[in-house]
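Same chain, two partners: subunit A is paired with subunit B first, then with subunit C.
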Partner chain A sequence: MTAVRPVVLSRALHPGAWWLWALGLATAAGRTSNPLLLVLLVAAAGCVVVRRRGDNPWALAFPMYLALGAFIVVSRVVFRVVFGGGQGDHVLFTLPEVPLPEWAAGVRLFGPVAAEQVLGGVYDGLRLAAMVVCVGAANALANPKRMLKALPGALHEIGTAVVVALTMAPQLVESVQRVRRARALRGGRQRGMRALRGIAVPVLEDALNRSLALAAAMASHGYGRTGTAAPRARRVTGALVIGGLLGVCAGLYGVLGSDTPPWLGVPLLLGGLGLAVAGFVLGGLRVRRSTYRPDRWRAAEFLVAGSGIATGVLLYVSARADAAVLHPSLSPLTWPEAAPLPVAAILLGALPAWLAPPPPVPAAAREAVA
Partner chain B sequence: MIRFENVTIAYAGAARPALRAVDLRIREGELCLVTGRTGIGKSTLLGAVNGLVPHFTGGHLAGRVTVAGVSTADAPPQELAHLVGVVGQDPLAGFVTDTVEEELAYGMEQLGLAPEVMRKRVEETLDLLGIAPLRDRALRTLSGGQQQRVAIGSVLTRQPRVLVLDEPTSALDPAAAEDVLAAITRLVHDLGTTVLVAEHRMERVLQYADRLVHLPGEGRVLAGEPAALVRETDVAPPVVRLGRLAGWNPLPLSVRDARRAAGPLRERLADRVPPPVPGTAGETVLSARDVVVGYGSVTAVRGVSLELAAGQVTALMGRNGSGKSSLLWALQGSGPRRSGSVDADGTDPGRVSSRRARTLVGLVPQSAADLLYLESVDAECAQADRESGAAPGTARSLLDDLAPGIPGGRHPRDLSEGQRLALVLAVQLAAAPRTVLLDEPTRGLDYPAKERFTALVRRLAREGRAVVVATHDVEFAARAADRILVMADGEVVADGPTADVVVSSPAFAPQVAKVLAPQRWLTVEQVADELAAVAGEVRA
Partner chain C sequence: MAGRIRALVTALALGVAPAGLGVVTAGNAAAVDGGRGMPGFCPDDNGVTVVVDFRELGGSTIVRCAPGGQATGLKALKNAGFRIAGTLRWGEGFICRIEEKPSPRSESCSDTPPASAYWSYWHAPNNGQWKYSEWGVANRTPPAGSFEGWSFSLNRGENGAPAPRVAPRRPSAPAPEPPRPPAPGSDSRPQPRPGDAQQPPAGPPRGNGGNGGGRSGDTGPGDGQEKPGNPGTAGGSSQPGAGASGEPERPGGGTAPSGSAPSASAAPGSGSSGTPSPAAGATEERTPGPRDTPTEAADWTGGDDSGKRVSADAPGTSSVGHSGGSGGVPTGTIVVAAAAAALAATASLTAWRRKRAARGDGAP
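Moving on to the complex of A and B:
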């Protein structure tokens, strides 16, 4: 007899859950410039990605985001060294200063490099890098196509257009390669415009034919079966959705930025969300379409999204309570400290590495095992 | 099920209507084969069934087309999606999503079916077409036959009452085509689906058809029992032409029927042998040693050695993906080659400039139109002369030899499939290569065009060139080729005179060989000549 205990079945988590989780972490990162906390946050995100990503192409993009983060930190530091300004007492070394003409007063090239200056660049860069890495984590974990499928019914047409565009891109590359090879068969040794024309004309012709064939196929598949929506209802829906999304963008900016006026943050975000949802619901009412194997929002999704949001909220709260820990002082220069509350909050964000179900195994690999 | 009532379809700018006063009734559950020459209006007829013509293509439709009582005048193709499923020639061009399972579900999503129903139907369809192991594969990575079966599946999940297929097997090798046709006949027999299918290579479908719809030209449409109608049609598969020749009644439509009727014919031909291969092989013009072609971790050609002789036509056969194209490109020199050597007149075409390589070996690629990019036939010919450093007018006179009477001002896109092939061939021959390689040239050619192309290939060989034709078309290979090379998995698995290779093979044997085996007749023409000779001897 084997022990009967609940087994976590492998499945793909709802992409929305991963995005909520990542946005929660990104919000947390935006609230602090403490390098210890930021490094911990990046480690937490990395841990989740490593344990829960599949083997799809987009899942392999995470190292690229890490590299991008490193680049951001380095460029911030270099920037501060070059256009130094020379604040700070702890001069590490002095570079020969480049004299600038009169009109460039206030700008200084090189000169003494202070520890405060370099650290300021590192802290600043780390914060931005951590936010980028969070977005990268969401990209690696959430299947972009399932995300499009999860779009509200009102946006279905746009989603299909995006998927079609994504599949067209590799086809275009393929057709360029094919035509280039064909040009070689004619001994094509032309350069410049004539060569371009020799390739562009067949490729465009090909693309056009293919688009027409695809449009005909989609029509015969029933794409664009119309409901009976009045044009006015469609305009109202559109206005609601676009206005709402603009509100959401501005609200996100308010929440993520640390020195924006408070009214620009949560209230605008919520207001925008409300508008957009109303638009989607209205639009969705006239759509008679269904989704194959929809991603359901189940307990694991709540846990994952919740952990990310909790991290964001906790850091938001502790920023109110004890700003000194989240923003270590540069003058006087102090060693950054990690307080228990923010550390616990960030560790909470790493929990999906165990809470989320493992990603599904593709059929080919399944056969290999069986 | 489908009714055409006095239907006339005319496209803007066309001199005469594509279809004229067509009356046609197709009953439920029929498998209906649509035949006719290229450009005669088959696609127009098929497109009119679900309203793509004229809603999508433009043009004017007079009369009435109804499917299950719904008129296409009242409903655009979208609103007929639950009744009619359409599968085109190139499955890849019609895919909307990018994995098998999603593609199967796409049409149902548009109809708004419940998720449980969709899940069940996807599983059933996967099993029905035998594509369950492919369920989460990317569509682009599938072979042609698999893609075509997915395309059929994506239509079937909607459970349409009518299935319209426009040349579903034209891009497939014989085995993959059999798979697809088996799937289609199974639908007719098990589900009672009404199927309308257009097919160039009639020999593959005719025996399964309940009804034949033939377009003889000038917009007319004839419909009737296949065995009766096929007596007069201008396009007919070899087995039917053999039946006409031997005067069998009723006319056999399948190899099985023909074989049962062929006893007396076999007796008459018993102590006769087919004439020896006409092409006499001359000196070797190209020889390849241990050619290996690989892309990344995939090895497409594994150490192929071969010699091509002047005056010889070689057919290169084998299933899709067996390395035929890779080998041709490597022989021409512009494709990749990992190791091995090619020797054409003492020079390795892979080691010289592309301009020099094409004077040694000329290649017409699978999508021949890729080579054309100018606005008129004359401009293409003039450009070809410049590229080859040939005297002005060389390409044009070659073209007039190959396919007389193509107006010089015509845009290459407006040429027929056969004319475009001739133009590309003329462009390549302007460089006067002694070896000519053709990759899948017979795709999209109807019987008469194929006939002309066969003569053309024989002539190229007679003029002292070595010709290689990669093809899936066994009937064409039997008539045109002296020698057959069969490739599998990147290796040459059979190489020999046509009769030796094809007679013994179930997949590559032409219909006449199957009917008359173990005698070694390959084509109706051979049999006709021999019967004439017999008759002459008897009279004398």
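Moving on to the complex of A and C:
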């Protein structure tokens, strides 16, 4: 391997940039059912992940998301085959139809399986799978702990709780391994359910002890203090935030529903957002935190987030201009075609694989990536 | 990881494979479709008559016959020769497009169309009333000789879907295919539609053709139902008021039809199949017989896109001109598939190298 030293210093990108990139790609995936474009999109996301992920535990979860995507596609196809009999003209094979009683007349089991049915399931499943893979890519690339640092100050109690929870999961796994090793050393031979009791009790006890220790440590470092804010100020802040979020929920319902009166939609949504932001700002004023090693938002972050967002926007635009390409016809069956604009948009989304700074990983892995 | 990714790539490739298969058949399919069904009402009760009313989508109404017994409403629709598209999410269990309408630009058909713009599904016995179907299109078996109706409902609320504007009434005098007398249709309109032919009895003199045209004007929702007369059958010329009043002579049918004709008949789109459209208009039922030539005259004057199918009116074949032919795989498709494969290969290779590098690190 020729060790081409990257010109850009390796560093971890701001997690927000990866999330914006991934959400842009997921938006793009949601706008099309063209399998060509969706496969291209998944390949692009996978390429970026493979080249720019770190070596942390969460970075290794991407194959799980791929497997989940495959499961989604397969289950959609199976669903179509079981319940969608009798559609389509190009029958691939015929399954015996299960006769159902009169009261189940709206349901039909098996029957002829047509290419249209199977392809319809594939197209539909691929779209959801592509969105899942995009979210998986963000999970693999963005460091969730650093993401929490970007939380608004008003939410720092929640953030603390989430950090504790995130830290607990790996600790629990480690705890299980330790207990099992100890049992093995003592010659414990039970397996299955009987072994469970022998493992669960020590692990839970261990977790409880650690939680207490962690709580004590955090209290001694000043976490959980309510600060100098008066109770009344805290109540106002809480009311603003909760009222604002309720307004956002109702506003979203108004925007998405077709029968809701217009005043219930956008005005309520904006009003709720305004209230919630005011609450966050007010609440943030009373929390003073210092940040250790802040994540800076630099050119590379703009590039990564921009490429993802550009993909989403371009696909949205091409949905306006040429919808037929984004939704290939199944009857009559036609080859899915690809127009230059959506293809270029998706390739744009793959750029971070080469343009983003490489992740801080061991030298050997860096060589593999370079 | 590399292994898994490779497996995934394979899976994707497999997923795409069926598409190819489908494509191959597409050509044939198109050809077959063209020959499906026949224009106009079914001559007797061996067959299901399918009425499609485009309403606001332009193009007026189309009446075609799916001969023989039909297992489901979906089969009837297809066997009558209509091109349809289901939704991505539900497949053909939910009809989203008929004859390319609404266009992909306004309706992506990826999910169930909204209640404010969808194809409503109706059925009726012969000489009966249209009834909004409580069954899904793939779950209802239309009785022989009955009518299946499709009417586009635009901004009409949940219970306001309009019935098709063609009365469910077969021309009572089913003359098989009498040569139409004057063959007027042919000249004026390219489409002779056989359908018309079927109801020859009434003499050409009958103006009914005309009346068909008459009503054209009203698109009023729902009018369809009440009015029994369908052009073809019922000569209904009676209504002076309405449209054609004046001319009994089949405006629609004969000459006028060609697009220009002011008369309602112009309905371009529908043209192909013998559309009875005027029918709606024709309130009174005239006796059967009349020639439905006018049928085409759809009520829908405005049909903008008369479009594609017009030309073909010829009986079966053309009516719904399916553009078929798909030659092989489009070049663009191959290029993009290759690009996707290249990206996936790059990813797999990198994953494999990383994995090997990691193992190398650990080994020592």
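Basically, the second predicted complex is superposed on the first by the 252 of 370 C-alpha atoms of A that agree within 3 Å, B and C clash if a C-alpha of one lies under 4 Å from a C-alpha of the other, contacts with A are read in each partner's own complex, and residues count from 1 in each chain.
Please note the rule applied: a contact is a pair of C-beta atoms (placed from the backbone, for glycine too) under 8 Å apart; a residue touches a chain by one contact, two chains touch by 3 or more.
Because the structure is predicted, anything quoted here is derived from the model rather than measured.
Look at A:Val201: by the touch rule set out above, it reaches subunit B but stays clear of subunit C. When the two structures are aligned on the shared chain, A:Arg80 is found in touch with subunit C, with no touch to subunit B. Comparing subunit B with subunit C, the partner in contact with more residues of subunit A is C. In the superposition on chain A, A:Ala299 makes contact with neither subunit B nor subunit C.
In the superposed model, A:Met218 makes contact with subunit B only, not with subunit C.
Look at A:Arg210: by the touch rule set out above, it reaches subunit B but stays clear of subunit C. By the document's definition of touching, of the two partners only subunit B reaches A:Arg186; subunit C does not. Of the two partner chains placed around the shared chain by superposition, neither subunit B nor subunit C is touched by A:Leu9. Residues 362, 364, 367 of subunit A lie in contact with subunit B in one complex and with subunit C in the other. Subunit A makes touch with subunit C in their complex at residues 1, 33, 35-37, 39-40, 42-44, 46-47, 49-51, 55, 60, 62-63, 66-67, 69-70, 73, 80, 84, 86-90, 92, 105-108, 115-124, 126-127, 258, 319, 323-324, 326-327, 329-339, 343, 347, 350, 362, 364-365, 367-369.
Of all residues in subunit C, only 1, 4-5, 8, 11-12, 15-16, 18-23, 25-26, 29-30, 32-33, 71-72, 74-75, 78, 83-86, 88-89, 91-93, 104-105, 108-110, 114-116, 135-136, 138-139, 322, 324, 326, 329-330, 332-333, 335-337, 339-341, 343-344, 346-348, 350-351, 353-354, 356-358, 360-361 touch subunit A in the complex they form.
Residues 50, 52, 55-56, 76-82, 84-86, 88, 90, 93-98, 101-102, 105-115, 118-119, 122, 133, 135-137, 140, 154-155, 158, 329, 332, 334-335, 353-355, 357-358, 362-363, 365, 367, 369-373, 384, 387-388, 413, 427-428, 431 of subunit B are the ones that touch subunit A when the two sit in their complex. Taken in their complex, subunit A has these residues touching subunit B: 145, 160, 163-164, 166-167, 170, 178-179, 181-189, 197-199, 201-202, 205, 209-210, 213-226, 288-294, 362-364, 367.
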